[in-house]
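Per-chain numbering from 1; labels A, B, C and D assigned in written order.
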Amino acid sequence: MDFAYSKRVEDLRQRVSAFMDHEILPANQHWLELAERGTYPLEVVEPLKAKARSEGLWNLFLPGLKDDEPGTRLSNLEYAPIAELMGPVPWSAEVFNCNAPDTGNMEILHLFATPEQRRQWLNPLLNGEIRSVVSITEPDVASSDPTNLQTEIRRDGDSYVINGRKWFNTGALHPHAAFLLVMGVSNFDADAPRHRRHSFIIVPMDAPGVRVVRNIPIMSHYAIDGHCEVSFTEVRVPADALLGEENAGFAIAQARLGPGRIHHCMRTIGQCELALELMCHRALQRRVFGRALADFANNQDEIALSRIEIDQARLLCLRAAWRMDTDGNQAARVDVSAIKVVAARLQTRVLDRAMQMFGAMGLSNDTPLASLWSWGRALRFIDGPDEVHLRVVSRDEVAKAKLSTSQHAHHFRTSQR
Amino acid sequence: MDFAYSKRVEDLRQRVSAFMDHEILPANQHWLELAERGTYPLEVVEPLKAKARSEGLWNLFLPGLKDDEPGTRLSNLEYAPIAELMGPVPWSAEVFNCNAPDTGNMEILHLFATPEQRRQWLNPLLNGEIRSVVSITEPDVASSDPTNLQTEIRRDGDSYVINGRKWFNTGALHPHAAFLLVMGVSNFDADAPRHRRHSFIIVPMDAPGVRVVRNIPIMSHYAIDGHCEVSFTEVRVPADALLGEENAGFAIAQARLGPGRIHHCMRTIGQCELALELMCHRALQRRVFGRALADFANNQDEIALSRIEIDQARLLCLRAAWRMDTDGNQAARVDVSAIKVVAARLQTRVLDRAMQMFGAMGLSNDTPLASLWSWGRALRFIDGPDEVHLRVVSRDEVAKAKLSTSQHAHHFRTSQR
Amino acid sequence: MDFAYSKRVEDLRQRVSAFMDHEILPANQHWLELAERGTYPLEVVEPLKAKARSEGLWNLFLPGLKDDEPGTRLSNLEYAPIAELMGPVPWSAEVFNCNAPDTGNMEILHLFATPEQRRQWLNPLLNGEIRSVVSITEPDVASSDPTNLQTEIRRDGDSYVINGRKWFNTGALHPHAAFLLVMGVSNFDADAPRHRRHSFIIVPMDAPGVRVVRNIPIMSHYAIDGHCEVSFTEVRVPADALLGEENAGFAIAQARLGPGRIHHCMRTIGQCELALELMCHRALQRRVFGRALADFANNQDEIALSRIEIDQARLLCLRAAWRMDTDGNQAARVDVSAIKVVAARLQTRVLDRAMQMFGAMGLSNDTPLASLWSWGRALRFIDGPDEVHLRVVSRDEVAKAKLSTSQHAHHFRTSQR
Amino acid sequence: MDFAYSKRVEDLRQRVSAFMDHEILPANQHWLELAERGTYPLEVVEPLKAKARSEGLWNLFLPGLKDDEPGTRLSNLEYAPIAELMGPVPWSAEVFNCNAPDTGNMEILHLFATPEQRRQWLNPLLNGEIRSVVSITEPDVASSDPTNLQTEIRRDGDSYVINGRKWFNTGALHPHAAFLLVMGVSNFDADAPRHRRHSFIIVPMDAPGVRVVRNIPIMSHYAIDGHCEVSFTEVRVPADALLGEENAGFAIAQARLGPGRIHHCMRTIGQCELALELMCHRALQRRVFGRALADFANNQDEIALSRIEIDQARLLCLRAAWRMDTDGNQAARVDVSAIKVVAARLQTRVLDRAMQMFGAMGLSNDTPLASLWSWGRALRFIDGPDEVHLRVVSRDEVAKAKLSTSQHAHHFRTSQR
């Protein structure tokens, strides 16, 4: 047991941190202005991507990369402290080609794509030349249980034909968005096992019948690359657009989620660190009733609890990453659910405290706090709502209790009297 | 960074766990019955001490032991997971000679005792032949700030004469209690620095003028070895009863607190594990409105949150232990304050959930939950109240913000618009 | 709508308050000492009962009293503010003949007793000559659903024969305890409706086969009149010991609970007021780090939140009492569940804050806080656990939503876009 | 004590409720569409204003109206339940001429305006012909303590000249906005009492030097009538633009706040009722893991707690209104602080639960929840942050404890042992 980052991680943290300070932050205002005007800030992002790649800060997490593919091949445990640094400026992840949902899409393409699919879709993604979308969640069903999904994938000769409606398709408005990974029902046999009914199809953004219906705001914030509602009307793609095997969609969806969730969590924790830092500075500078805010014991408590809770969340996240590396994503499933709940709730709690410390300014866009909070609030649904993850943790805990043969609990009870 | 226990720790955990299951638990009912009748259960404890020592499970934590002193010499990080196992049966720590306040007292005797003091007091403690008391807290002042203490230590020729009143002297009613480490004012110079006014004196229990006034119950529970109020009336001891230097009491008190707090925290976390285990078993067995308690989503949430919070607390505790080992107790001071707050609050929260799952039985003494809860509640004061520790964490965080030269926070603020 | 107490209530409040200050409080230490020694303090209580009765402060709540029965006949709304005053000294309720479970027992005897039962049991209760017990809860089943109860009531010729085990029988050790109201299964027809299977029997304490097995501590506190486990072994009583109709036990149990719960809640709120008062005094007197505790903003927040939460709970309680008076106990069922949850949770929260403000002393028996807290914790089960009451409130709310014909919610949803 | 609304209030509630259902809700979509496009929806609002006024639903709260002024003259206690009904559709208050900050401005104009000021500014406001702004909060100081305000009001001959910067000027972008009530420093004598340094000036929106710098978003939401930053550069107004006496601004500001806060609170509680209603409907309709959300016990708890907390908040609010009517605004100052904290925190809590029940849709603008939440979050600052109000409540409570002559607390302490 050792709580120190490795030499390699410390070194990368320093480099990424410097990149954030010297390249990203100075460009932040420009990025925000362009986005505010409705223009995707390619002119900010593209030169920075080139610079990051030239410095070896590219595809930092993708352990399965082949020799001829660009990237840094970090383990989950190594990547987590790097991802944390990107959190405070959400758009920065794209500069390192580490942004959702592309990282998750790259992972499952790595695992399931045919050589032709790799050539056409994965390689450009690895090079940051295109962006991608993942289309899972549907408005009409509780998508936290993916077996509920209803979008139809019909085999018709050499084609698949897709009909349905998806929403919260992040990135569908990115100017480079090239394709969507669409999950839908491919097996209409009522007797089929519930987890063997869905497939994934690779659908080009420009396929006839694909329509971006609207960009859905989250807490009144419209993402510049969109959290979009997308409709699919008789969308026809060739049969080789199938990803992996037919009716194996559920397994593919599961494979996708582990590392992606951990990355989200670490970025989120980085946002909490920023909020705490801003909160402390505000507490030092602002005076009321003759004293600095930092001299009030209730503010001190908020600061202390934030520090304590952030540290605990980071440790839980790193341990989940370590378990994924050590025992595999499936074995770490409960760990990932645990940190997913913790990180999302922590973020809104710490960000809310920071907003309160800033007074009304904290709710304005004069600080990054309000827009970051909205992200944290959304994370309580992204990759599954809190309720589903708590259920996963609880069922695992109860199952362990059921199996326990030591009779420890029984022993305790009877030894009492 | 590595989250696995070392081979040595895993091995010791297995052995201590087996000892708990096969030696301690079977004796628990007997111990409780004797204590209920007001008899200190020496007949239970002494044979088990001999057995534990013969198996090498003795003085597990005391890294500074010399070659001719008995004990296992674990680091904080190694000892923490062992202490956790002892938590569920509070009296078990004595069996391994690892109980408070003796461990803390042994530590400071190690650091500050003269050879003669070692011979007379430390060696018997190391051998488990005597027990000891620490007398710091006073009823009349806020003792969380030790500079407030008022008990007088007057130099009179070759003697010190002590007058004052202390309370929450744990262990003063233990039949083997042999001495108290008494902290009091020795420097009455009004100009002396506040941290150079107090000294520690070793006072035999049977010194004339020492009187155990009463055993103070905690949440109606009277500890069999007492949390006692003790009065000191013209108690005269020879000058060589001084521990360390005169007026160095504050530094000695500080030295005492680090490892002791961590041990408390880990035992407390072990109690939470027991509570969670009992809670799960209860949830499986008890039925209401036609379903097991485990099938209700609110109970599931309580179970899941308990698991998640326990894991986070343990990680924070282990990291604090690691930092003490790596950087020293002083450097880990803020870490220790953090885990102290977390562990005490966690315990009462998790134990309360478990009590609720057991219905009214949870409040009775038919389960260990109620008495363990009382311990958790007391821990919110023992070694300093939550408020003081939060203050320590906050001041450290704000101090770091004040020193930060990167202008990171400023940068963020100005880059926003 | 009017938030002022009536003239009659203000007058009674002043008189009861004076009685508390001048009669009860001066006797409190004596009462506690006797109880600590294991003697029920009749010598304290009986003279005070005579005095209270002579002043007309007797059976303050029992609206259905007949002209020849002693008592003050207050409505729920009138009685609630009086009950609040008794809360801080739990034993004081007996002085006014207003203590649980006797008040509840008097109520259902009033409603269901035969003339002979009234003569034998109710009248002595009204005169404070005897005490009574209610035996509902059983250790082996989730008694929050009374249809689970298993104690057998077998008709055998002109007798009923009772076998079973009950616990948390409050008052069974009172020296004047004369009878128990026992609820059990009287209808063994498996096809009978679940709510038509139980009956209530009046069982004299000295009936052969009745055995007080033990006094069960609550959070290590043993009530002097006991929360007892009682076993019933072939207990035979004549057929006229049946209360009300056979198999109508469920309805009788329900009738019992409304007013009793409200009284508990108001006494509990009175305890919160005491805790807040003590907390403020402590905050003014105790100094740490050079300032009074009252000058720390976190302590200020605790005080303010306590005031705010107490006021809200009292209002909710008074409104529930008003609804019982106005619309009947059945109509106020959900209101009573609501305040039951609120009051119990509030008490432990406010008492806990007060204990924290007192430091370790708060956990000792040097203040009334620790023993009052234990009462509050028990109230989270007494008359049903929080979970059951929240379920009642929720089901009512959802049922209203289901019935809503205004389509208000639908309207809102569709008018949005 | 009586918890029923009066006949008059019940009648008005029915009429306003019908107006909301039949006039406001059908127009809501149109209003939202216009606002989304950046057009203030006068074409929706003006006809509805005429209709509301013709039905006597106009200036419902303004008890001091004279006979020749339009309005319904309700007391605070009467108006509160009416305001609650307007809460769910924030723009509806304007239809009844009951919207902030105009109501507050009308109140202080009533109290302090000269006849000419009444003619020019108050009468058009009462008739809904113009709108107004209040300019108090400043970006550079903690405005929760109004003595900090720095905007300069310099007397120069027959004029006042104003220089400074204000923000969160609600309504400054309303097309009918006609004037601002500006608070600033008018007394530069360093020895003047802190509460005798500020004045209020009536400043026409079109006065040279007044500039709306920007509309500040709150949680990414831009109000169509603006929460604006406004700069004042050498703004010159005639001396008769002074409101009330010179240097009496602090008292005027205080007078303004009581009723306004209560109205905000009641509207906020109405929003909570809407959220609860929507939550229940969602819980009935949405299914996951084979059951309706309403069948999950954790969702049931959220629903029950929301109902319980809303009811408590409403009672506290009504009591504060009652106290204002009965004892005056000054006497009710602490009550208003209490409900202010409760209402704002409740709203974000209940709204958050509702958003969570809706899944990701809850964060979108497909329901009113997200935008209402933002309002609730802002209310934690509007009219003073939580921290300031808790401080008010606490100081009052401690002051009462300090004055208590009954020695009740002392009695309790000493009677304990």
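Definition applied: contacts are C-beta pairs under 8 Å (C-beta built on N, C-alpha and C of every residue); 3 or more make two chains touch, one makes a residue touch a chain.
Here the structure is a predicted model, which is why all the values come from computation and not from measurement.
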item: Pair with more cross-chain C-beta pairs in contact, given B-C and C-D; value: C-D
item: Remotest chain, chain C as reference, centres from CA atoms; value: A
item: Cα superposition angle of chain B on its copy chain D, in degrees to the nearest 5; value: 180
item: Whole-Å separation of chain centres (CA-atom averages), chain A against chain C; value: 51
item: Inter-chain centre distance, chain C versus chain D - centres from mean C-alpha coordinates, in Å; value: 41
item: Junction residues of chain A, two or more chains touched; value: 296-298, 300-301, 365-366, 387
item: Touching residues on chain D, where the partner in the complex is chain B; value: 296-301
item: Complex interface listing, chain B residues touching chain A; value: 1-6, 9, 21, 25-26, 28-29, 32, 77, 88, 274, 276-278, 280-281, 283-284, 294, 297, 300-301, 303-305, 307-308, 311-313, 315-316, 318-319, 322-323, 326, 338, 341-342, 365-368, 387, 390-395, 397-398, 400-402, 404, 406, 408-413, 415-417
item: Of chain C, residues touching chain B in the complex; value: 137, 139, 142-145, 148, 167-168, 216-221, 286-289, 296, 298, 355-356, 359-361, 363-366, 370-371, 373-374, 377-378, 380-381, 385-387
